[in-house]
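First chain A sits with chain B, and in the next complex the same chain sits with chain C.
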Partner chain A sequence: MDPSAIVASSLNKTFNTKTGLWKTKTKSTIAVEDISFNIERGELFGLLGPNGAGKTTTVKMLTTLLLPTGGTAKILGLDVVRQTAEVRRHIGFAFSGSRGLYNRLTAIQNLKYFAELYALDPAITRKRIPELLELVGLSQRGDDRVETYSSGMVQRLHLARALLHDPEVLFLDEPTVGIDPVGARELRQTIKNLISLGKTILLTTHYMAEAEELCHRIAIINKGRIVALDSPDALKRRISGDSVIEATIQTAQAHILMDRLRILDGKTVVELKNSTEPEKLCIRTPEPARVLELLSPYLNPQYIQGLEVRNQTLEDVYITIIQGEKE
Partner chain B sequence: MSRLRWGLIKRQMVVQLQVATLNLYSLGLFVIQPAVFIAVGMLLSHAAGNAMPDLVYSVVGGGIMGMWSGLVFSSTYDIAGDRYNGMLELIVGSPTSLATVEAIRTLTNVLSGLFSLSLAFITSLAIFGYSLHGVNFWGAGISLLLLLFAMWCMGVFLANFIAWSRISTWFVDYLEMPIAFLCGFMYPIRVLPGWLQILSGAIPIRWALQAMNESLLGNRDLTFLATHWAIAIGISLIFLAITRWLQVKVHDSIRLSGELSSI
Partner chain C sequence: MIQSLVHSLRVYLAEAWLSYHGRFAITSPFGYIASKLGFPFFLMLFFIFMGKFVGYTNPLYIVIGNVLLIPAANGLGGVTLAIRDERQWGTLSYVLGSPAPRMPIFLGRAFYYILDGFVTALLGLAIAAGIFHLDLSQVNFLLLMVCIFLVAVTSSGLGFLFGSISLVSRDGWMITTTFISALYILVGVNFPIESLPVVLQKVAYGLPLTRGILAARLALDGAGWNAISRLVAGEVLVGAIYILAGYLCFRLIEKRSMASGTLDAI
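Right, the complex of A and B next:
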């Protein structure tokens, strides 16, 4: 048996859009460029990247919803272009958002409809629907119309729908978007349970903590290309040795502190996060002691209100990689 | 086309009725709109100096008009609605083909349209005193079945274009009235100019409807009726063959262009 559940080889996707009625112009947009990865059976693989990076396009090609313009992809050894029908029987997918359900129908009616689309035996459908509603915590609301659901409940119903035919491979596109923290934690636990059941999962997410908690390996994708692919620990080691010092500062004094830190060598990155209130100085450095020494004269509420020293998180790695790409 | 199963047919029909048919919009489509057409037909007949309007064309024709409008609008908005709410993507991504789903949906829409026709027929009997005396019942019955089949074939044919792109939804909407005009829903086909009669010959609905109207008017000429039935079946099958070819093209095209989820 092939140990790989998903194999993407040099996948490409270019969208051509035509404008004009008589003299048409074609504009080509490269959404995915030369993407390759292998996902082993039972692995939870994360795809991270900014908006428009090509994550959803990649997922849609792997789920047979988009045709690649180049390269190949196989799911459980089945080619996504030539063996489309077979692939569809073995995969489940759930996209984020409120779309993808009939709002005028109840959760049970929606699931029964999809059970027919997946040609499930009626006896299996009768057994699976209550089990899945239990799994996603919607047992008490199964007979309610979907239009009365919160976004978190809709998201959980998407997951139940994707699991209806017990697929071996699952694609979850930003499954916790719009869900409150408690709901998101429950959903993450459900995803962990699915992995313990031997499912292979490809997850896309914006939430680094979620990816760090769940994923065995992560690919960071930017502008349609994979820019990093490794386990979360290995990715963090890429900028290993670095510590992160976050100083909560008085806005008016920011320039003084930044001038003070300018004497450090190029390995230390100082970033002013002025989107937060109060403002924060984020310093990534291999020399935390030296930074603290430089900042020590300013450790009073007039300059620095708070200071936190921590190790690199996946988010730091992500930001470093994506910002490095921008530069 | 994936295998048709009774469970799928039943569930798809129930969903179609719950989601798309049983609402106020459909009430307008299947009841109010035909009533307006019937009223216009009666007024035109009156204005033409007829003491008694031709109930087959004025009243039953209004019902056929409602049936056709219902089919076109329902088919259009079902797919457009599915594209908008993300269902089109999920249906295409399932092992059941979109073609199968569209076939069942269109059948549901055609059968829902029968409500319009029945209502118009009952109206002609109860309110306008249409007499069933002399009606060729078996001829009308067979013609009605073929009319439903022809409408279903046209419905699945047009559904392809709507699935293909958002813009073609307009094109299908624009076709509603010209096809109604060419098929002679509310007047005998012989009143059309010769070249339009030739053009209308390409539409299977025209042949089945002409046989039905003639049967309602008492025509028992088996050669006339059988010829019309055979032509209706033949052209319907040609449309089905073109539809099958188009379905494969559309399935690839929408996955290449990304039109599946575009809103």
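Right, the complex of A and C next:
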């Protein structure tokens, strides 16, 4: 048995849009460029990236909803272009947003309808629907019309629908968007439970903490290309500085502190975050002790009002990589 | 094979159930009757009074034409909306991303509208007969019902075609309503097709409804099966062509949308 649940090989997607009525002009936009990765069975793989990076396009190609312009993709060894119907039987997917359900129907009616599309045996449908509603915390609202649901409830119903036919591979596109913190935590726990049941999950998200908590491996995607792919810990180690020092400073004294830190070598990155109020000096460094020594004469409210030393987070890694790409 | 057929049948019935629930199951009886009978009834009255004004003595001609337009508008408008709404609701990706066979997904949308149009037309005829004291003594009721049902089915072919267009065009519904208005002129609802210019007569015979309405008028005069069989066969053929064209259009659009990424775009 192929250990890979999902294999993407040199996937490409270019969108051509035509403008003008008579003299039409075709504009090509590369949404995904030469993307390759393998996701093993039972793995939770995260796809991170800014808006328009190509995350959803990648998911749509893998879920057979979009034809790649080039490259190949296989789910459980099945080609997403040539064995579409087979692939669809083995995957479940849920996109974020309030659309995608029949709002005039109840949650149970929606699930019954989709159960028919997936050719589920009526006896299995009768058993699974209450189980899934329980799993996503909608047992009490199963008979209510979806139009009365909050966006978080809709999101959870999307997940229940994706799980109806008990697929081996799940694609979740920003599943916790619009859900309150408690609901999001419950949903993350549900996702962890699914992994313990042996499901393979590809998750896209904007929330770094969520990716760090859930994902075994993460691919950071920018402008259609994968710019980093590793485990969250390995990604964090990859960035030059081992520690982050954030100093809350008096704006007028910023240049003095910046000058003081200039003697450090190129491995230390000093950045003034003047978009925040009060301003913050963000120092990424492999020598936190040396930085603190340099700043110690200024540790008084006239210069530095607060100081925090912490390890790199996935967010630091993400921002460093994406900003590096911009430059 | 049998398993596949059973699945197709289940998908067809699920689609039929969905099109009913999604649209009318929550409407109040008043809202339902108003939407089904209100508009066609007042339009029929308009044509009857206009007919009287220009010298028509028997309103039955106008009544039957307009009554037959009720299932036609249902089949055309309802089916168009049933397909178009999938795009608006963002459900198309989930429906087409399932392994369900496409033909029953597509055809199931019409089931409820055909039944609904058929029943509403019969109701409309009964009301009009009561109000205008129509003489129905000659009518071959069985064949008339066959004709009404046939028109409801064949007009859904137009609905499939326009519904498919609605998946890629924002103007799909506007095109459909314009076309429904054109049917009042083209298919012999209020006056014989022979009154139309020759070019429009040819257009009329290329549309569903035309032969169905002619057959219904013959049934109204008490004609038997032999007299209307050719018209019925022609209506079936034209309707089947439109249903097939709608389905092929739907599949073509599905394939193109998968290439262009416009499956759920509005």
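Odds and ends about this structure:
Please note the rule applied: the second predicted complex is superposed on the first by the 322 of 327 C-alpha atoms of A that agree within 3 Å, B and C clash if a C-alpha of one lies under 4 Å from a C-alpha of the other, contacts with A are read in each partner's own complex, and residues count from 1 in each chain.
Methods note: contacts are C-beta pairs under 8 Å (C-beta built on N, C-alpha and C of every residue); 3 or more make two chains touch, one makes a residue touch a chain.
As the structure is a computational prediction, the values presented were derived from the model and not from experiment.
The superposition on chain A brings chain B into a clash with chain C. By the touch criterion stated above, A:L105 is placed in contact with chain B and with chain C alike. Touch criterion met: A:F15 reaches chain B and chain C at once. Of the two partner chains placed around the shared chain by superposition, chain B and chain C are both touched by A:L66.
Using the contact criterion defined above for the overlaid structures, shared-chain residue A:F95 touches chain B and also reaches chain C. When the two structures are aligned on the shared chain, A:Y113 is found in touch with chain B and with chain C. The intersection of chain A residues touching chain B with those touching chain C, taken from the two complexes, comprises 15-16, 63-67, 85, 88-89, 93, 95, 97, 99-105, 109, 112-114, 116-119, 161. The residues of chain C lying in touch with chain A in their complex are 7, 10-11, 13-14, 17-18, 21-23, 25-26, 89-91, 93-100, 105, 258-261, 263-264.
Chain A contributes residues 15-16, 63-67, 69, 85, 88-89, 93, 95, 97, 99-105, 109, 112-114, 116-119, 122, 161 to its touches with chain B in the complex. If you check the complex, the residues on chain B that touch chain A are 2-3, 5, 7-8, 11-12, 15, 18-19, 84-87, 89-96, 101, 252, 255-258, 260-261.
Touching chain C in their complex are the following residues of chain A: 13, 15-16, 31, 57, 60, 63-67, 85-86, 88-89, 93, 95, 97, 99-105, 109, 112-114, 116-119, 145, 161.
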